[in-house]
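Only one structure is covered here, and it is reproduced in the block below.
Letters A, B, C, D, E and F mark the chains in the order given here, with residues in each chain numbered from 1 onward.
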Amino acid sequence: MKFIIAIIQPHRLDAVREALSAVGVTGMTATEVKGFGRQGGHSEIYRGAEYTVHYLPKVKLEIAVDDHVADKAVETIAQAGRTGKIGDGKIFVIDLESAMRVRTGETGPDAL
Amino acid sequence: MINGADTAWILTSTALVLFMTLPGLALFYAGLVRSRNILSVLMQCVAIAALMSVVWLVAGYSLAFADGTSWVGSLSKMMLAGVGRGTVFGETGLPETLFFMFQMTFAIITPALIVGAFVERIKFSAVMLFSALWLLVVYAPVTHWVWGGGWLAGMGAKDFAGGIVVHVTAGVAAIVMAVMVGKRTGFPSHVQPPHAPWMVMVGASMLWVGWFGFNAGSALSAGSDAAMAMLVTHVSAATATLVWIVIERVRFGKPSLVGAVTGTIAGLATITPASGYVGPIGGLTCGLAGGVVCYLAVDLIRNRLRIDDSLDVMAVHGVGGAIGTLLTAFLMSDALGGVGYDEGTTAGSQFLVQATGVVVTAAYCAVASIMIVMIVNAVTALRVSADQEREGLDFASHGETGYNL
Amino acid sequence: MINGADTAWILTSTALVLFMTLPGLALFYAGLVRSRNILSVLMQCVAIAALMSVVWLVAGYSLAFADGTSWVGSLSKMMLAGVGRGTVFGETGLPETLFFMFQMTFAIITPALIVGAFVERIKFSAVMLFSALWLLVVYAPVTHWVWGGGWLAGMGAKDFAGGIVVHVTAGVAAIVMAVMVGKRTGFPSHVQPPHAPWMVMVGASMLWVGWFGFNAGSALSAGSDAAMAMLVTHVSAATATLVWIVIERVRFGKPSLVGAVTGTIAGLATITPASGYVGPIGGLTCGLAGGVVCYLAVDLIRNRLRIDDSLDVMAVHGVGGAIGTLLTAFLMSDALGGVGYDEGTTAGSQFLVQATGVVVTAAYCAVASIMIVMIVNAVTALRVSADQEREGLDFASHGETGYNL
Amino acid sequence: MINGADTAWILTSTALVLFMTLPGLALFYAGLVRSRNILSVLMQCVAIAALMSVVWLVAGYSLAFADGTSWVGSLSKMMLAGVGRGTVFGETGLPETLFFMFQMTFAIITPALIVGAFVERIKFSAVMLFSALWLLVVYAPVTHWVWGGGWLAGMGAKDFAGGIVVHVTAGVAAIVMAVMVGKRTGFPSHVQPPHAPWMVMVGASMLWVGWFGFNAGSALSAGSDAAMAMLVTHVSAATATLVWIVIERVRFGKPSLVGAVTGTIAGLATITPASGYVGPIGGLTCGLAGGVVCYLAVDLIRNRLRIDDSLDVMAVHGVGGAIGTLLTAFLMSDALGGVGYDEGTTAGSQFLVQATGVVVTAAYCAVASIMIVMIVNAVTALRVSADQEREGLDFASHGETGYNL
Amino acid sequence: MKFIIAIIQPHRLDAVREALSAVGVTGMTATEVKGFGRQGGHSEIYRGAEYTVHYLPKVKLEIAVDDHVADKAVETIAQAGRTGKIGDGKIFVIDLESAMRVRTGETGPDAL
Amino acid sequence: MKFIIAIIQPHRLDAVREALSAVGVTGMTATEVKGFGRQGGHSEIYRGAEYTVHYLPKVKLEIAVDDHVADKAVETIAQAGRTGKIGDGKIFVIDLESAMRVRTGETGPDAL
């Protein structure tokens, strides 16, 4: 199994989720995060001066998938998450040793 | 004899001016700091309100308004001695207890304004001690000078609702405190934008509404003077709001909410001394002048002088109050819709009186504030430790956290 | 002659009605949008308040209240020309400056109400330009028709505190704006629930309290009429609140807070035109009718017509104001505890007058608003770009973010 | 004859007292609970305000103030029968409709105070049913006893603005509810600190300001009595705030914001019955006594008796109101700046009357409240399920969530 | 060493933490997250209409443990986190290459 | 590639970010988290009683880096994040199988 960690633009969350759904991946966990990268930050105005805020809001998705689904899932996220502008984010894949569903105690791919 | 209508309006005005501090000013300031210091700011405001009330009852009112010398009142009205339920205040139609209360709300908000100078690093006990001493040593005498029959009143100085008494004193004390307490760690390079601009706007809105009590209440009666004071107050606030919006729009392409409502407060502070003497044109002029000059003053003090008067008390209140006091000399002319000059007075002579009031008050306030800060520093330190500052005053000084979502 | 008691109450009422907009309505609306647009809504409210004040001073008041034709006032009171400190307004006991101020707070809240139609996608400059033109072209003349001695006043139309003048005009302009600006991206399928229902409730509470100034202040005196207006206003608000609670309870099993306070506002809007003419039974009836009909109207406009009048300005204010105006014809009957009819008038004839007022005003407002929007669209676009809409207006238009916890 | 000035002040006071509940008390309570229950608290407050208003109109007012027996009024003023637009209330200069409204705001806040006892676990329908019954069975008769010419009035009991009528009744009902509804899951070991102390402070500030209408409005006129009532109210609030700050500073080294403003409310509740009868010394004394005793009472009820009167209604309001009522017997002495005793009355005899008022009211309220809770429990359960409690009432009972950032 | 990522019901956090403590695991890091899964979302009411909110609030726990503790820890989380209703969550285990305590620079199991 | 997960004191975030920047690591993702550990919690005051809040606020950094940068990055975080007091946090390293830049579809170290 693989554990996919994707950092995406917040406003692409719905699109990515729906695209994943379409390829059969329905379970996932999302977190609001602050992203630092090439995109830089943005500047806010405060009483006659501009202040730089170094980060930008991003959403992190964590998705555990069975091995054979992994590539498809990564591809799907990339396509649905892409706007072509800097700051679109990253997709990381890590090896997942085991998974368990808390409710039933099922393990392995069945737990996903 | 007590006049019911005037009493009704001043009872209301008293509520409005208390509302300016609690929660108006408290929210205005709390939204401007970082989220880890929100509670400390609110706490300083509420504790100041409580402590000043007691100090005012014990001695402050007496020093300001009991017959005394040109320089200060006397102690004859300590604890409201001699002021009964039915005592009427002076020439007004108000119970003296009500005049006491109305004035008390001014004695609360003035030290509370100074809070903006030292947020996010001050020790709570230092705030308490400073405010109490300052009320007695600075605020009460200056009030006596202007409104209690003291030397400035004698000279014919015009300060309807506190340009000198409230805003110049608060602004000068703020600069003193800012310099003597020192900058926040990270100022100016790592200053963070206000944690809750919405809260700043809510506080400013409450200040705007409450200011009707402040200025129109200062007429001490429910009639034409109160109505015109309300009108010019509102016009100045509206104009200065637009001024900041336009400036930021031109300079950054984006007008900010915090900027707009800072303009509001600048307009309100500026019209305060003039509000009983001028007409609509005076209101517009104070709004324009206050808006522009306070904007420049923020830039000067914060970005050029690099003084960490953190929430711009001097730039907005001190400068606004001073400008309004000086402009009053011209705007009170009946040619401009004002009440006209006292016999034997001209715009020029009035201007000299106004300027004297501003300068002497500022100088006295500066010297006295420095001495008070030195005393406070000796009794209890001024600043929390660097660790506590980093942790935030909410938890470090008050054992609480602002947002537990 | 100036009446101190009446002046005291209208000074207070003026503060209360300003409080309705700042921060009442601003919070009511800001809580309903998504968190990335909170500041833009607050900014629109405060900037409208500022700009309308100046426009009202320059020309709006004169067009509404200076003697003119049946259709519009004149320019004779521009900049309050001829209105001195001591000028008394008409038959009242109020300084004209105070009447000007009280009416100005109505001229502020009416354009501010329209904001609900186009939040989350409008350009800030479009809001400013639209509001200023609309005040002069729609609000001022309609005010003249009803309260300034114009043709509706001549026909004997009854609109105590602004069912026609405030709520019908705002509602119609809202629908026009909603249609012409277009839907928010994602409406209606991806609409998100209010980001801060607590803030909606706080705003509604302030509106409720402030409405006492709006309706009871419209008596322009401190006596029985003000008292009864306050009473029926409160009863209508309470009743309509309960109506929404009951409907949602029956339909969904769970009554919501946002629903309950939306009912409050519906009840307040509905009683507004009637508030000076009816008794407790009138209050209950307006609350019931306003509660039920506005509920249905929300459903109709939002879910069936799919018009993105985003915060339901037409359904709550426009419909409520219209219903109240029509009901007044019946509820003012002394048999129902009302003030009774003018000589020679019956419920039927009064109803025709009321209906004429609603229909003609709505038609005029629709046409004029469409033309104004076309002008605004030509001068500055109406909408921000799709990217800016997605990013949120707080940052895109004002360079700030709402919550920096 | 109607007195315009008095009417102006009571119109204002009515707005101020409504403001105490909406949004004052609502925010004070909402900030104290966990974030998942914020909306339910706000909803309970607004729904109580709406329902009590209608119940008051239908029968509550009549039971309290229409001529009846020593024990209860009559039904003769149901739906304000016989009360016209011009009816003057008793010896006052106020329209009876206004007196009705002013009193109604008291009838709203009293049941709303009780909400603090059962937050985070109560069924919404139980709140509604309990409050309506309680208003008719407890609040209206007790009001009649004290202010409606009933037996306590006959004995000469002094309760200016509701120490007995409002605070003792609310406190006792709160304890009854707390015990009968049962503890929150996890109380006391897993109690969590307030989710938004800033909101608590804002609510408390609004209560402070609004209390000027509550106490000074209870003079029913705009004159010396109102002014002195406002003064002593403020002094007591300020003093009790300082008392809590000092106690927490000594005990924990850190004074908390929630503690300080809890002190404020304790001071306000304590002065309430005394506010029309005492002078500045009375204000200081009530603030001191209320501050200290309420602090101890919180500890006693929460930590020792382990009763989950969740937001300390009994400890702050019940105990404060009782103490103030008892102290009035001494502080009203003219030696202490009070109004002095009625002829033939001494401090001792007055104290007995006051004590009788407190004890009999508390006993009656306890018994009646228990019976009402039993009825409510039979009609609709009192508590939500454990699952719903865990999920939070916002979503479980109202289908909404408080913060959608 | 293993890196355990557990998604649980927010109201089970205290129970899970106490159970882990009882088996000797005291260090962990919690994050508030939004969960998408079979449980679906919930619907909120807004002015006469119901709107679907697709996610549900969950808590994510991240716990680094020594190899021999891993199974016990997973078992403990599953038991303490279980309510038996849909949406109880998942437990994922990933191989952890190295760990360091910032304060001391200690590495490996000693750092945990 | 490696995936570094660092739990640090919130007030060290700027220092750590700047230090990482100085060694060439500019991309990273930060999350506000609640930390449980030896440091224990803190007690808040509420109306005359002290209540224990078991967790402390921390910041979690997630940083994907090329293999040869990993040690340097860990060292840098440790140094910049260290205050020497308990609660300074942990640094965990996990093997990263693959990475992709959403905008371009680039994979491997180029994606970072």
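Keep in mind that, in the parts below, a contact is a pair of C-beta atoms (placed from the backbone, for glycine too) under 8 Å apart; a residue touches a chain by one contact, two chains touch by 3 or more.
Note that this is a predicted model, so its numbers are computed, not measured.
Peer 1: Looking only at residue numbers at the chain A/chain E interface, is the share used by both copies over half or under half? Answer same or different.
Peer 2: Different: when the shared numbers are divided by all numbers used, the fraction is under half.
Peer 1: Indicate the whole-number Å distance between the mean C-alpha point of chain D and the mean C-alpha point of chain E.
Peer 2: Result: the chain centres lie 45 Å from each other.
Peer 1: Quick check: how many Å separate the C-alpha centres of chain A and chain F?
Peer 2: Distance between chain centres, rounded to whole Å: 18 Å.
Peer 1: I'd like to verify one number: the distance from the centre of chain A to the centre of chain D, where each centre is the average of its C-alpha atoms, in whole angstrom.
Peer 2: Their C-alpha centroids are separated by 52 Å.
Peer 1: Find the geometric centre of each of chain B and chain D from their Cα atoms only, then give the gap between the two centres in Å, rounded to an integer.
Peer 2: 33
Peer 1: Residues of chain D that contact two or more other chains, please.
Peer 2: Expected reply: 3-5, 8-9, 12, 192-194, 252, 254, 256, 258, 398-401, 403, 405.
Peer 1: Pull out every residue in chain E that's touching 2 or more other chains.
Peer 2: Within chain E, residues 31, 44-46, 50, 53, 94-95 contact more than one other chain.
Peer 1: Taking all chains into account, which pairs touch?
Peer 2: A-B, A-C, A-E, A-F, B-C, B-D, B-F, C-D, C-E, D-E, D-F, E-F
Peer 1: Contact residues on chain D for chain F in the complex?
Peer 2: 191-194, 247-248, 251-252, 254, 256, 258-259, 262, 295, 298-299, 302-303, 312
Peer 1: Would you tell me which residues of chain D are touching chain B in their complex?
Peer 2: My answer: residues 3-6, 8-9, 12, 16, 34-35, 192-198, 201-202, 204-206, 208-209, 212-213, 216, 221-228, 230-231, 234-235, 237-239, 241-242, 245, 252, 254-258, 260-261, 264, 279-281, 284, 339, 403, 405.
Peer 1: Would you mind writing out the residues of chain F in touch with chain E in their complex?
Peer 2: Chain F residues touching chain E: 2, 5-8, 31-38, 54-55, 58, 60, 74, 77-78, 81-95.
Peer 1: What part of chain E is in contact with chain C in the complex they form?
Peer 2: Listed in rising order, the residues are 44-51, 53.
Peer 1: Hey, which residues of chain F end up touching chain A in the complex?
Peer 2: Going by the criterion above, the answer is residues 3, 17, 26-31, 62, 64, 94-103, 105, 111-112.
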